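In the two complexes that follow, chain A is the common piece, with chain B as its partner first and chain C second.
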Partner chain A sequence: MHFQARAGEKVRNPVLQRALQKAKPLFVGKRAKGIAALADDALDFETLRTTCEGIRNRTLADLDVWLDIFEERATASGAEVLWARDGEEVGRLVVDIARRHGVSKAAKSKSMLSEEAHLNEALAAAGIRPVETDLGEYIVQLAGETPSHIIAPAVHKTIEEVEALFAKEHGRPIETRTSADIPDMTREARQVLRQHFLTAEMGITGANFLIAETGTAALVTNEGNGRMVTTLPKVHVVVTGIEKVIPTLEDFATLMRLLPRSATGQSISNYVSLLTGTQREGEHDGPQKTVFILVDNGRANLLGSAYQDMLRCIRCGACMNHCPVYFSLGGHAYGWVYPGPMGSVLTPLYTGIENALDLPHATTGCNQCGSVCPVRIPLPRLMHQLRTDQVERGLRPLSERLAFKAWAWLAGRPALYRWLTRRAARYLSWLAGEDGRIHIFGLAPGWTAGRDLPVAGNRTFHELYKARKRA
Partner chain B sequence: MSAKQEILDRVQHGVGKGYFAQRRAAALAVLEAKARGPQPAIPGALVDRFREKAESLASTLAGVVTWEAVPGAVADYLAANRLGSQAVVTPEIARLDWAGCGMTVDARGAVDADQVGVTGCFCAVAETGTLVLLSGADTPATVSLLPETHIALVDTARIVATMEDAFALLRAERGEVPRAINFISGPSRTGDIEQTIVLGAHGPCRVHLVLVGEGALPPA
Partner chain C sequence: MRVALYVTCLVDLMRPSVGFAALRLLEAAGCEVLVPEGQTCCGQPAWSAGERALAAELAKKAIGELEGYDTVVIPSGSCADQIRNIYPQLLADDAAWSARARALAERAYELTAFLADVLQVSAVPAAFDGSVTYHDSCKGLRSLGIKRQPRALLAKVPGLTLKEMSECEECCGFGGAFSVKFGDVSTKIVDRKCESIAAAGADAVVGGDLGCLMNIEGRLRRRGDETTRVLHIAEVLAGGGT
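Moving on, here comes the complex of A and B:
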């Protein structure tokens, strides 16, 4: 199904619309408060943004060197570093590691890259049970769906839907739930998932950052599931993109002043874990085997291209939290792993421009995403660039191409252009009638299906300009 | 061609530069420099800032002046909250006189059945009210993770201003990073059901901090 068809369906889904309308002001308000609080410590958002942008640009400019240093230091600390060209290769590598270590169950902490790789499907096909342990991801997994938001995977689910899923999975009758019951529901999931943490032989996580200085994976969570799956199982697999490297621990500290604030407004997330190597001499917890899988899956192609800025992304979700398109449709309308403005850029770049023609057009051009991005990714400009590429590669529909050709032909003939626009202005003004609004416009009915088209009067710009000059 | 070689070739092509050795040397110099970004200005005593931030993260606090008084403060908290008198403690703090305050403690890593875990911390960060715990033989990571109640002892002399200061202290005292550095800021939480914040998602539901030393008692 294409974006337009999905979008229509989502707009007409009252349950989804209720969930989205509830979430939006919370996301926006929390971030605004978190960013404003920087001033209490005499920190300036724009200065911090510039620094964070610089940290990300520094590693991207010499990514070959930084990956080399990261691999060297991660290996020296006792971890193994593997590389995957694409999602399928990720699946093969993880299944292979699981088999070698006799793994029958893998407990997962949130990882969007594992969604890119369809890792859960690959594990299940090999007879290994993947269990999502982030509460939102758990809900989404029970529903047989995919996350609709990169930091709030179940934002599209109402309490009634969650209750139905829990009742089924946990083998009990459905109860009537209000928001006062959310702590009880959370506790129920905690008890079920605790058993999975204790029995899984493998933990799978992403990494918010890879720190080159120490060969370290940085994990940021609020629930503590990231800590569980990296402390209890005997094997830990980190699946992450090659673009995630940053130089030093100091750089990590700087980025942490903006990542949680941009995501949830928190000055810091509850758990921030820096994980290096394997269980040490004398230690009784932590994995005996740690494997990093560094994934390309389209990333390297963006280096040196017009889209390199997109690789700075730190996956905070602020762009979608401030996007009028996202909050009209929810994340599933976008059709692939990443929703919102960052998804509208990444999906065509990672899955092929021709496979996501509508997404770079799914924008109002308001630039709220660009103004909140903590690493200053010019999202509207990148979407514009994608639209330009579509035109240059002849990917636009025939009707659109003909329309622009016709307009270009007309615009090259000023006398005809003026005559025609005069006729058009009179016609529209006549259509609009007394109240100056067109209620149903036959030439573009979609535009007036949900609103009126106001008409600016019965004179063209050229006529008005001439008249004013004379006066 | 191996996946690694293929990916690195693509990366190198995208980066579009030669001089790998020179660029690598420049990168190592960046690692040496350990430059800091903009630093927060934290007015007043670090312990006061830490206390204020920790409370805002839904942690509770108590203060004692000497280490001898710590087991008593922990026992008082447990009694006041009807949490019993049993706890698992990290071997690092086993030497304190827990039995003298009527507590039964096991010094080991935690298991699922443990209800209360007591730990020290490597240091604490005033900027965000955060504990810094390092994994190790005497400081098993499970004690601050599995029990529903986590009690952490914080030496007020080891409260530093920022995460950067914590890293500097780590480099000075340990030289290398441990397997896990855990920054803990209040009880575990989630907002995944209708954006309603609930404490106690997977980690502890309660975090209680006992400040120890000068400035541990809140200003009257």
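Moving on, here comes the complex of A and C:
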């Protein structure tokens, strides 16, 4: 199914719409508060943005070098570093590690890259049970769905839907729930998940950042499941993209000024974990084996291209949280792992420009995303570049191309243009009739399906102006 | 001051009164207003669609028509953005045109920015008996920084009260071709705008871009709101809106 068809379905889904309408003001309001509170620490958003943008740009300029340093330091601290070209390779590597360590259950903390790699499917196919332990991911996994938001995976679900899933999975009757019951429902999930933390032989996480100077994975979480997953199981596998590396802990501290604020408005997330190496002598917890799987999956292709800016992304979700299109549809309409403006850029870049032709067009160009992005990714410009690439690669429908050509040809011939627009004005006015509004317009049915087309008169400006000057 | 008025293709075809209101406003502010002949469209639709070559053709045409004037004024944030920000970028690598594009960009203004920032008008010709709420169009707001100017100008209209709507900076869902290509998504977005407008309870919703206004008016009427007036800021300031 194409984006357009999915979009139509989502717009008309009242349950989804209710969930989205509830979530949007929360996201926007919390971020606004968080950013405003920077002033309490005598910090300025625009200055910080410039600094964060600079950190990411400098890293990307020498990405190979920083990755080499990361590999060397991580290895020195006792971890193993593996490289994966694509998602399939990620699956093979993780299954292989699991088999070597006799793993039958893997507890997972949120990782969007594991979605790119279809890791859960790969594990299940190998007889290993993946258990999502982030609350939202847990809900999504029970529903047999994929995340619809990168930091709030189950944002598309209402409390009634979650209650039905929990009742079924936890073997109890369905109860009537209100938001006051959320703590109870969370406690219930926690009790179930606790058993998984204690019995899983492998923990799988992503990484918000990889810190080169220390060979460290940084995890930014709110629920504490990330700690469980990285300390209890004997094996910890970090699956993340090669672009996540940053040079120093100092850089990490700077980026942390904006990451949680941009995502949830928090000055800092409930948990910030810096994970280096394996369990050392005398320590009571931590994995005996730590493996980093650093994944390309299309990222290296963006280096040095017109799309390199996209690699700055620190996955805060602010772009989708401020996107009118995202909040009309939810994340599943976007068809792949990443939704919202970042998805409209990444999906064609990672899955093939010809496989996501609609996405770069599914934008009003409002730039609400670009103006909140903590690392100043010019998302509208990148979507525009993709539209230009579609034209240049001959991927637009011939009818559309001819229409633009004809229109531009006409606009280049003022006399003919005047003659035609005069006729058009009369035609539109005739269509509009007495109330001055077109209710069904065959030339733009997409407009009049939901709106009237107001028509102000039957003369063009230039026609009237000419007449006035003559008089 | 001699000023060229670039009326925009949408105003020309769909709502000529906006062009005449802009003309009256500029004349009332003491400008000699000329309407360059031959003007058609700035090429923004082609640019947005990724039709770079066509957009460049139309950009060159517009530059040729407009560069002879000291100042160009445009009653639209998105068309002004096209000329001010996109033309120089579009023609940056064209040796013959890049300097001309930049020169025009520096002298092209969105209407309210020109009135408030350049002319610093102290009065406007209009009176308006009632309340208005202002919708900030995206390109004007986020590409040109137009926020304070329309409000400062509205504050000079005797009888007018401004009732700000919540989320006045939220996109209305127009987006040019987007509104036709993704009509149902666009309608969903403008529905929220209509709710904000209804909650503000003003007599009229005012904005600086005709595309957004047609989208808002079209949806308001379809929802059954026959009373809230939908006006371009030029119409309100010039007195056409009473």
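Rule of thumb we're sticking to: the second predicted complex is superposed on the first by the 451 of 471 C-alpha atoms of A that agree within 3 Å, B and C clash if a C-alpha of one lies under 4 Å from a C-alpha of the other, contacts with A are read in each partner's own complex, and residues count from 1 in each chain.
As a working rule, contacts are C-beta pairs under 8 Å (C-beta built on N, C-alpha and C of every residue); 3 or more make two chains touch, one makes a residue touch a chain.
Just so we're clear, the structure is a prediction, and the values are computed from it rather than from any experiment.
Judged by the touch definition given at the top, the superposed model places A:Ser262 against neither chain B nor chain C.
Look at A:Ser148: by the touch rule set out above, it reaches neither chain B nor chain C.
Once chain A of one complex is fitted onto chain A of the other, the partner contacts of A:Gly8 are limited to chain C, with no touch recorded for chain B.
When the two complexes are overlaid on their common chain A, residue A:Ser344 makes contact with neither chain B nor chain C.
Contacts of A:Ile159 after superposition: chain B is touched, whereas chain C is not reached.
When the shared chain is aligned, chain B comes close enough to touch A:Asp64, but chain C does not. Taking chain A as the reference, the larger set of touched residues comes from B, when chain B and chain C are compared. Judged by the touch definition given at the top, the superposed model places A:Ser114 against neither chain B nor chain C. Touching chain B in their complex are the following residues of chain A: 19, 22-23, 26-27, 41-44, 47-48, 51-52, 55, 58, 61-69, 82-85, 89, 133-136, 139, 152-155, 157-159, 162, 179, 182-183, 185-187, 190, 193-194, 197-198, 212-214, 216, 222-225, 227-228, 230-232, 242, 247-254, 256-257, 264, 267-286, 294, 296, 300-305, 308. Of all the residues in chain B, the ones that touch chain A in their complex are 2-4, 6-8, 10-17, 20, 23-24, 26-28, 30-31, 34-38, 40-42, 53, 57, 108-109, 112, 127-128, 130, 135-137, 140-142, 145, 162-164, 167, 177-196, 198, 200-204. If you check the complex, the residues on chain A that touch chain C are 4, 7-8, 11-12, 324-325, 328-329, 361-368, 370-371, 384, 386-392, 396, 400-401, 404-405, 407-408, 410-412, 414, 417, 421, 424-425, 428, 437, 444-457, 459-462, 464-465. Of all residues in chain C, only 7, 9, 11-17, 19-20, 35, 37-41, 43, 45-46, 48-52, 54, 57-58, 61, 138-139, 142-143, 169-171, 173-190, 192, 214-215, 217-219, 221-222, 230 touch chain A in the complex they form.
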